[in-house]
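Chain IDs A, B, C, D and E follow the sequence of writing; residue 1 opens each chain.
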Amino acid sequence: MIKIEGLHKSFGQLEVLKGIDYEVKEKEIICVIGPSGSGKSTFLRCINLLEDITDGAVFINGLKVNDSGTNINEIRKDVGMVFQQFNLFPHMNVLNNITISPRKIRKMNPKEAEQLAVELLEKVGLADKAKSFPEQLSGGQMQRVAIARALAMQPKIMLFDEPTSALDPEMVKEVLDVMKQLAFEGMTMVVVTHEMGFAKEMGDRVLFMDEGKLVEEGTPDAIFNNSTNERTKAFLSMVL
Amino acid sequence: MIKIEGLHKSFGQLEVLKGIDYEVKEKEIICVIGPSGSGKSTFLRCINLLEDITDGAVFINGLKVNDSGTNINEIRKDVGMVFQQFNLFPHMNVLNNITISPRKIRKMNPKEAEQLAVELLEKVGLADKAKSFPEQLSGGQMQRVAIARALAMQPKIMLFDEPTSALDPEMVKEVLDVMKQLAFEGMTMVVVTHEMGFAKEMGDRVLFMDEGKLVEEGTPDAIFNNSTNERTKAFLSMVL
Amino acid sequence: GDSDTASSEDGDSADGKTKLVVGTDATYAPMEYMDEDGNIVGIDIDIVEAIAEAADFEVEFKNIGWEPLFPAVDNEEVDFAVSSITITDERKESFDFTDPYYVANQVILVPEDTDITEYADLEDKRVSVQINTTGHIVVKELLGNTSADIVAAETMPFAIEEMLNENADAAVGDNSVVNEYIKNNPNVELKVIEDDSFEKEFYGLMVKQGNTEVMDLLNEGIQAIKDSGKLKEITGFDVE
Amino acid sequence: MDFLDIRFDMIWNYKELFIRGIWVTLGLTVIGYLGGIILGLFLGMGKLSKRKWIYYPCKYYVDFFRGTPLLVQILLIHLAVIPSIFGHSLGYFVSGATALLLNCGAYNAEIIRAGIQSIEKGQTEAARSLGMPSGVAMKNIILPQAFRRMVPPLGNELIALLKDSSLVTVIAANDLLYAGKVVAGAYSRFWEPYITVAILYLMLTFVFTKVIAYVEKRFSNSYVPSQRRRIFTFGRS
Amino acid sequence: MDFLDIRFDMIWNYKELFIRGIWVTLGLTVIGYLGGIILGLFLGMGKLSKRKWIYYPCKYYVDFFRGTPLLVQILLIHLAVIPSIFGHSLGYFVSGATALLLNCGAYNAEIIRAGIQSIEKGQTEAARSLGMPSGVAMKNIILPQAFRRMVPPLGNELIALLKDSSLVTVIAANDLLYAGKVVAGAYSRFWEPYITVAILYLMLTFVFTKVIAYVEKRFSNSYVPSQRRRIFTFGRS
């Protein structure tokens, strides 16, 4: 579903991704872990071209993302993204946050879009917040709205960049629960996370990145309990 | 040395101090404790008239502070004050922070003032920081400079308003040590503090304030271990 | 001498001759204007210099601007003014004038293909003038004091430009200035209409009311150059 | 001139000129301002463009109009630019409004650029990751938020423009100041006409300031509508 | 007018007028600005005073000069105020410099007031608690810190004043724009003189901008001297 070939990314002189190859299959839950600055976010952002790709290629459903002939906006419809900082649109209420892109991009009519939004809000447990504005919500609620907003484009893949790390501890669970439900429903997901519990429980594969390289990948069990790689072990001993 | 009679202070409608009588004797260390918003800072600030006094009187060395005939700047020379936020002058180096008021107010000549400053910096353990600027210092260092600055006016009384609560835990001790040394040298001190350890160890008397009133006062032992007052006990059970 | 305050008392030059300060608005070629080196020159200037020679005094010209010229005379900032000032009854209420030294009349300057033939034709036309000059006054009489069809430009060249740019159908101004313009711009297709309904105007030197000392001196000079033919030499015609 | 002998009757005689002057001043200000906002929007976004052939013309335009006096611009436009383009003048109003518009556009461009840049990058990224093309994201996500932050500086700009519109008096525009100049010239008296003009401008700036303060209040703090007030309420509400 | 037939020789013939114009413009700007800073300092502090008889005059002064066009102020001062006070004009330079100074003072007052208010209350309290009278605290503690925050807006004000100084041309001041007007009037050609004037102003604003950028850099970020650069270094360093 997502194929990454020899992905390099540099910011000026700084090489942040130093050649990454990987393939994500349909309905897989991929958890990406690694120390701060290792390039996890950059990796994720290259997938839907929020960062220009310096070298290599990313394919989504067989379409090359970093090709001048590709309409990136078409690809992004299939790839939902959830950010650490939520990035809700503060000037719109929850309903409009969710319906804006179906209406403007999928040209859905307002009634239909609203019905979809209500369904999604029920799914994330916020049916009563449709008319609220982001500033009236807690962090956990905002992140769940952000997930609903991404789902409104009916993506085939969801990218999460540390979706819980800006949250107060008591709100982490409500967001992880929504993500688990998504996983059960068969969504393909790439999740950059510091929540090792989530990675262990939900991940089909765990990727450990360090210094712009994919150091190790495997099942949660292989990575968390049976890794023989020194860097992986050193990292895990610190975070577990 | 400080005599407070029927001190009332209102901010607009809000009555913050509701009649306080107290007398601080020479060389006494008075620790003021109490919940947030109880008026501790306001009490301290009324003593050197940083807040106008609504009603009542404060006498320092027999001089009425809140009298139009009194030159408040003369009184302030005898009353040093140390703030929670340090309030160092960021545009002057440490030496100038300390020497500015002796030079401008006591008309000390620069050489003499500098010598005094060097002595005081040695006292607070910062002899090597004379040429540093506040932004180059840690919080604990800044607070010690603030103490040295107040001492440079050779005050007879020192007021401290939570001198350690803006500090990272590892810096609290270095500031408390300087304050202890001052206490041993016989300085009269009024200290608003959340550091119950300091109050217990150093306080001659402890004042417990709540809702703008002086609820209880006594030796540390009387307050911390043998109080019969319900409010005092409730407060202490929370903070100890 | 101090050129800021002018009067015959303190303005005596070294060789004992009286020195008078003359105000003008040097934007009115050929009568008074600035040459390329910034000197004030023109027919008016030549006449005043001739008068000064005849009456044995010295002059210093100051460029004051048209509007400020009147208060400048009133305030004795200048001893008198020469600036193609028409002697009018209104002005005589506030100022004294010498004997006339120049005869002028208003003319109408129009494009060659115009249907305007006389003053009365201007009634329903847009007319450009120099603000607050005699031309402005006569046009106000026809079109009304507050007419929006009067284009009152800062200077006569700018007023003519407004007409050339078709922002006005005709320009009205002193014959001397209009003729000078035509002389300098032979390629521009314009024609000059003279109309008997314009009263002949006499230019005079303008003096503060009651300043007989300067007035007598100037009239003496004017008489002298009339008698000697010098005036006719400069202007090309006699003034009776 | 005697200071105590004040003659406001002469203002009365010319009242039509003053009334017309107010309308001309208001007309120039409003047209210049609205045009300046539209122009500023394009210029401001142009200055954010990565394409050099868009960026540089916008930058040079803004630099020129912010780097030269408005008075010079007015004279150039009235006496040189418009006659060169159209072969003749289009009248003081067109010249004046054009100059004010072009000038105001340059200042607004900087306000709008700064406003857009002040919106967190995450907003654009969220919009783009939802599949919005950059134009759609700009229109629906960035500009509505940026606009709020632009309200205070755009308000200042409106007041500045109101006062700057007085410069058109040099091209014989019948604005408010022109009325004062005509009266001053007709009577050779300066206190009354210019004080009158100053007071009228003060009244206009006062009214504008109040309106701007209302608009600012309306767009301040929170996006939550229940906390906002309506500015104008017609009929029962 | 033929667009292609450009005659810059006429500018050359009047070059002295342009050179004098530059000096007059610079002189007016510098005097108006320096005076405006001193005046603004008093007005700004006056607007912070709790004493009403200080506060209100300062407030009304600032409101008047910020609420009316500079052009009106120039005309009022040159034609009415100065003649009424001194009995006669003191020349365009005095009038122009006075008007610019008085106007600039009002704008600077707001900058200075805001700068002073931006300094944390704790700084004043620390100074007062050390026994400094408020004047001493203001001079040694508050103003030096506030000044740094005022540098950017005061820089903008200088550029604005440079351009606004062109308005004195209406009182026949021999400034830069006046030179252009004289040439335009003499030849009835408008492109060349006004473009020349515009370019000269652009050059002046460019130079001023660079100087201001240097000063801003000098006063930015940190108070620690080793991190600062010298602006001008003479000889070996």
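Just so it is clear, a residue touches a chain if its C-beta (ideal position, glycine included) is under 8 Å from a C-beta of that chain, and two chains touch if they have at least 3 such contacts.
Chains and their UniProt names: A, B = Peptide ABC transporter ATP-binding protein; D, E = Amino acid ABC transporter permease.
Note that this is a predicted model, so its numbers are computed, not measured.
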Partner chains that chain B and chain C have in common: E
Target chain D, source chain A, minimum contact steps: 1
Length of the shortest touching-chain route, chain A through to chain C: 2
Longest centre-to-centre distance from chain D, chain (CA-based): B
Most widely separated chain from chain A, with each centre as the mean of CA atoms: C
Highest C-beta pair count, chain pair: D-E
Mean-CA-position distance for chain E and chain C (Å): 36
Computed distance of Cα centres, chain E from chain A, in Å: 54
Between chain E and chain B, distance of the C-alpha-averaged centres to the nearest whole Å: 46
Inter-chain centre distance, chain D versus chain E - centres from mean C-alpha coordinates, in Å: 22
Contacts with two or more other chains, residues of chain D listed in rising order: 1, 79, 83, 170, 181, 184, 190
Contacts with 2+ other chains: residues of chain C: 67, 71, 74, 154, 158, 161
Contacts with two or more other chains, residues of chain A listed in rising order: none
Contact pairs between chains, per stated definition: A-D, B-E, C-D, C-E, D-E
Touch list for chain B against partner chain E, complex: 48, 50, 73-74, 76-77, 79-81, 83, 85, 87-91, 100-101, 104-105, 133-136, 146, 149-150, 153
Touching residues (chain side chain E, partner chain C) in the complex: 13-14, 16-17, 20, 78-79, 83, 86-92, 170-172, 174, 181-182, 184-186, 188, 190
Partner chain D, residues of chain C touching it in the complex: 67, 70-71, 74, 94, 128, 131-132, 136, 140, 145-146, 148, 151-154, 158, 161-162, 165-167
Touch list for chain D against partner chain E, complex: 1, 3, 63-64, 66-73, 75-76, 79-80, 83-84, 163-164, 166-167, 169-170, 177, 180-181, 184, 190-191, 194-195, 197-198, 201-202, 205-206
Residues of chain C touching chain E in the complex: 4-5, 25, 27, 29, 33-34, 36-38, 63-65, 67-68, 71-72, 74-77, 154-155, 157-158, 160-161, 181, 184-185
